[in-house]
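My questions all concern the structure below.
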Amino acid sequence: MAEGVHLGDLFFAGIDIGSTMTKAVIINAEGNIAAAIKGPTGAEHRHLANDVMLKALDGAGLKLEDVACIIATGYGRFNVPFADEHITELSCHAKGVCHLFPGARTVVDIGGQDAKCLKVREGRLIDFAMNDKCAAGTGRFLELTAQSLGIKVEDLAALSEKATSPVEISNMCTIFAQQEVVMHLSQGKRIEDIIAGLHRALAERVAALARRLGVEPEVVLTGGVAKNAGMVLAMGQSLDCELLVPEEPLLTGALGAALLARERTIRLLAEGKPLERKPRRLEKATFYS
Amino acid sequence: MVCYMGIDIGSAYSKGVLLCGGELVASCVRLSGIDHHATAAAIREQLLASLDVNEPQTVLVVATGVGAGNVGFASNKMSDIVCTARGINRLFPEARTAIDIGAQSTRAIKLDSRGMVTDFAVSEKCAAGSGRFIEVIANVLRIDLEEFGSLSLKSKNPVTFSTGCAVFGESEAITRVVEGVAKEDIAAGVNLALGAKIASLAKRIRLQPPCAVCGGGALNRGLIAAVESELGIRLLLPAEPRTVTALGAAIQAVPKPA
Amino acid sequence: MAAKGLSRAKEVCSQRPAVAKGATARGKKVIGYPCVYVPLELLAALDIVPYRLYGEMREPVTEADRVLPASFCPIMRSCLDCALKGRHDFLDGVITIHSSDPQEKTARIWQSYTTLPYFHFVDMPGTTRPEAVDYFASQLKGLVTTLESLSGKKLSADNITKAINAYNHQRSLVQSLFQLTRPSPPLLTGTEIVQVIKAVMSLPVDEGNQLLTEVIEEAKARKQKSEAQRARLLLWGSTTDDAEVMAVLESNANVVFLEDCGGYRPYRGKVSTAGDALTALARHYLTEITCARTFIQNVAAPTKKDYHKDLHARYGYLKSVITDWKVDGVVLLLVRYCDPFAFEVPAVKDYFASLGVPATYIEYDYTEGSLAPMRTRVEAFLETIG
Amino acid sequence: MSTGEKKRVINRVKAMYPLRAKVDESYLRSQEAIKAGKPTVWAMLNFCYGDPILKAMDIEVVYPENYGAALAAAGVARGYLDRADAEGFPTHLCGYSRANFGYAARLMELGGEPPPEAPMGGMPKPLFLLSSVAVCDARYKWFQALGRYLDVPVWTLEAPLPGIREFQLEGCYEEMVKLSVSHLRDFVTFVEKAVGRKMDWDRLDEIVNLMMEINRVSHEVNELRKAKPCPMHSRDFWSAMPPALFLLGDLKESLQLYKNLYDEVAERVENGISAIPEEKYRLVFAELPPWHSLDLFDRLAERGWNFVIESFGYHPPPPVDLSHVKDPLERIARYSLQRMVANYRDALQKNVVAGADVYIYLKYVSEWKCDGAFLHPLVSCRSASTHLPHLANILMERLKVPSLIVEGDIVDLRLFNPQDALQRTEPFEEAMEHYRRVRRELGFDW
């Protein structure tokens, strides 16, 4: 279809398979979002990649053929058979965030498996730091602990708002932090203060990470926890600066991937290269049949 | 008549046991949640409900577990390690070792014929080796804990987990999933990894058979099988492994003969 | 027809114990060593086969749990775990050396929980001062004493010189092996090199040299693949003993220089054959092996130290590597709890920055689970420099 | 983290207080001296090696290790730890070192002026750094890494550490002495250049003798603690040790204070006075105590737990007669080597090859008649933790003495949870009772 290709007719997709959530974004030639979908990442990544992609296409009222290029990112990126390219979530976040906030210099992304701090310029990743594997500095830190308390993650923010004197939580290790939480409970500490303490512990851990790079405004917070007002507050205090939060903090990676897909196509067209696309099938493959 | 109540407020679950005339008349398990006072009261209600309200009762209560301090109505607090030993001793007088697989930590306890503790070891904070590992991976695999054990027993070739830490283990599990490894093989791998950690904890105190196992982890048959093969012995398994420590607490409530 | 060159290297790596058992079967004594600071010349001179001991990344640590805490060098922890599981029982003995705390602490536990006929711990000074070299030489003399009674042979000027020459030859062979990674694209991948070095460290010196010669021939004969230009990386770290780790680093790049104990580091320089052999060996191992464990500094004046002069004194040897091997970026790869190297990270980063080479620090816990995150970090790093 | 109640139960030895006070006194004095422009050195605890030389050269010494503990105790460590993290130091490194990196970074950005928030006036910019390879890698790599902030040289003290079997090889000990002596001689030259003064050898001679005498007396005090009931609790040892360990202040004065300590403890032994109300169990503690929650020991004392011996690393080397050795440097060398090698032969005889730091606890337990060992592994201090699992095994194997293991850390104070310890006292008492019977059956005498 290299002949008579009009960029204006083309669409581009990014799919971001994180350790806990899978997201897909479809954009048009102007870079406007045509569809954005997210769903939990289960054991069946590939199955899910297909589902999310299909949903996204339905949402945009498109067929797979309409999509000129698909870029996969995130933890499970190598598991998207229909993707044209795989790019790390770091570059995609950089791209996506800068699209939403052109003035962004620093991106703090707190994901499920890791926390990242990115230094960005005009949509390019120029430096980064990721937490050493101890999950004390990741979203799982909150999730697991909330889980063990029988609290919904959504309720964390509301609870922490009621805190009067946040407790000190050692930020060594998730498992250990949970033991500590239980100890605080057994000592009759208020749950609100404990939750606030957890937010602070996580925020401090991530802030230290960000300081490795040097924090320059504007600072954008992304990832699941960015939806947690309590965490945004704690993070702002630890970095002691204003934080920008995208409306859809989970989607920046997928958006970035879609934007990179668009750039890739434009590049190919400019070089007069054919948009050779591998024949794609959204086969409903699953691991457990 | 006099009844004896044992309440064990654990990090994840709280358990209660009621003994009357030496007989176990009631036991219960519920989430510890965030209000240990309320949990303890609820357990008490539930246990007392099984008694004949017309008959006047005296109930002596002993509390144990991390939240023991919140059981205001308890006449006494006791160490959970001691209670576990007494509980196991009551169920299996011949047992010389007890392994308690809890949500946050695993304990290996040696005991004598009277249920007195002769030695014990608690899993290292960082080395995980606790039931939490299973919960985390079960969450990755989207299966519930009950399924976990039976599923793992179906495995033909378990994956090797090079770590015992729940958090590192989680990313390892996800990697395997991405590679398309079967659920049961991952589950079995987890049980083997944890089983090995538990076994080495037991070896650390020079385990002496017969050995009984209790705690929530004991409900996971795959895990028990893994520990058994690591240690090369059969383990004694109580009907209700989770309330053993509470049972021990109830026994502790019985006044010692002067 | 036995495998040669690279396929032989693969073969040896996949069956190291079998290879070593072969030597014992031929009536040779085989001695294990977990650290490259053990002067192998002394073993070879007494006709003893040295056998490098590694950890096993894929093997869950169980036995070592009972004797070592969790927060401890995972490589030595795994290495000891294998020992406690009887994997090295076929050895005639083990030589350990005080190159770092984990080495020293593990050695003592090792000795306490295993029953090998021979076990020797060599003490090592922390500095390169003259008196330190003399002391190290005296420690090597002690090693010779126990090795002589083990082997029933005597160390002679003749056989030690032969051994030194043989190992110097091995050094020059490895040095020329690394010449093959200078062209772009390189004639050998880092992944292949890890295997070759691992194989060489599992073989008697002559067989090792034979293997190296074959590999060099084989690689030289390779046609220059005109593949898309990939970034050229320098790996700086303690040791790499697993080809899969290197494969992860090379998924989108070429590691053209391995500044670690699974690569170039143990083979830098040559042992002088002039003067007392033990002193020559002591001086060589203490000064030529660039492990972070040895204290080095540049002092400008009695109370003055220039940081940049100091960095040059500590890392100057890397400068030519960066230029000659056309390095685009550096990966500082360490396992968790590797204190001697971990303390160096900010400084060595400063040094690479002063040379204008980007560097990234990656820490892993010596488990398979850490490979996927490692890959993401390397790729992200490549994206920042590409 | 406090254990709640504050009741003091341990019967402290009165003569300990002036020794404890000496820490603050000498600290204040050195603060003044430093203000007066006296050269200061940052040093690692170096086990008698370098300290007498610095003292003879009239140099003030501060110990970043101790200061790290002080920062932790004052609850201001976090900020420095985060700074070190931001500087790119891996987070698993020794907590004291990370706190010190953060401090040094602050110090230099303030042009060498101690940060206002630093407790006790902070540590001034040093003339040079004195590190030691003894005990752990961190203790010299740390000071080398400080070069990033401090433009001063590091002197790394050698501390030979051969294996227990290998030590028996002919000439080994003399080679250790040779290394140490020539090394110390070079060090003296280095210090002379640094301060632009010559060494006063007579003064050094006197200081070395006082150092050895102080340590001898403090050694004798610990011998007295073998008495039943034990007259002096571990807390008193920890409070009284700094003057001997760091050669604080005026040595003649210190010597007198230790003699007073000896007299009071001896008198207690005479009158069968115990350090706690009722000694039910005698325990040994390894290694570093949980400085921030020492009142745990009062709670344990209420249960009859008496801590009778502890912390090998803080103990003086066994006395040795070096009067025939004329060269003070050689006396320093031989005396410092004592700490390790004094026990090597016994250790070999008892076939304990796992190092002096393991053997010594077998000696402690059997000679101080301990019922149990309280082991305190520290997450970010490997040197004080690595040998503990083996120690627990060998104490059980050889002496049938159980160990109670409670994890902690040196700077992340919240890691040590006294509740954990108290939770386990009950079962541990049952275990200690049990093994008492076992030991009797096996013919042990305690």
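Think of it as A, B, C and D in the order they're written, each chain with its own count starting at 1.
The rule is short, and it goes like this: a contact is a pair of C-beta atoms (placed from the backbone, for glycine too) under 8 Å apart; a residue touches a chain by one contact, two chains touch by 3 or more.
Just so you know, these numbers come straight off a predicted model, no measurement behind them.
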Among the remaining chains, which ones contact both chain A and chain B? C, D
The pair of chains with the most residue-pair contacts is C-D
Chain at maximum distance from chain A, centres defined as averaged CA atoms: D
Taking each chain's mean CA coordinate, chain B and chain C are separated, in whole Å, by 46
Separation of chain A from chain D, taking each centre as the mean of its C-alpha atoms, in whole Å: 48
Quick one: chain A and chain C, Cα centre-to-centre, how many Å? 39
Note: chain A residues in touch with at least two other chains are 75, 113, 132-134, 172, 176, 183
Residue list for chain D, restricted to those that touch at least two other chains: 87-88, 90, 92, 379, 389, 393, 415
Residues within chain C bordering two or more other chains: 66, 69, 71, 336, 363, 365, 370, 372-373
If every chain is a node and every touching pair an edge, decide which shape results: line, ring, star, complete or other. complete
Footprint of chain B on chain A - complex, ascending: 19, 42-43, 45, 75-76, 78-79, 113, 133-135, 140, 144, 147-151, 172-176, 178-179, 182-183, 185-188, 191, 287-288
Residues of chain D that touch chain A when the two form their complex: 78, 82-83, 85-88, 90-92, 379, 409, 412, 414-415, 417, 419
Under the touch definition given earlier, write down the residues of chain D that touch chain C in their complex. 87-90, 92-94, 97, 127-128, 133, 136-138, 140-142, 144-145, 147-148, 150-154, 156, 158-163, 165-166, 169-172, 175-176, 178-179, 182-183, 186, 190, 193-194, 352-355, 358, 377, 379-380, 382-383, 385-390, 393-394
Inside the complex, what are the residues of chain C that reach chain A? 336, 363-365, 370, 372-373, 376-377, 379-381, 383-384
Quick check: in the complex, which residue numbers of chain D touch chain B? 379, 389, 392-393, 396, 402, 405, 407, 415, 423-428, 430-431, 433-435
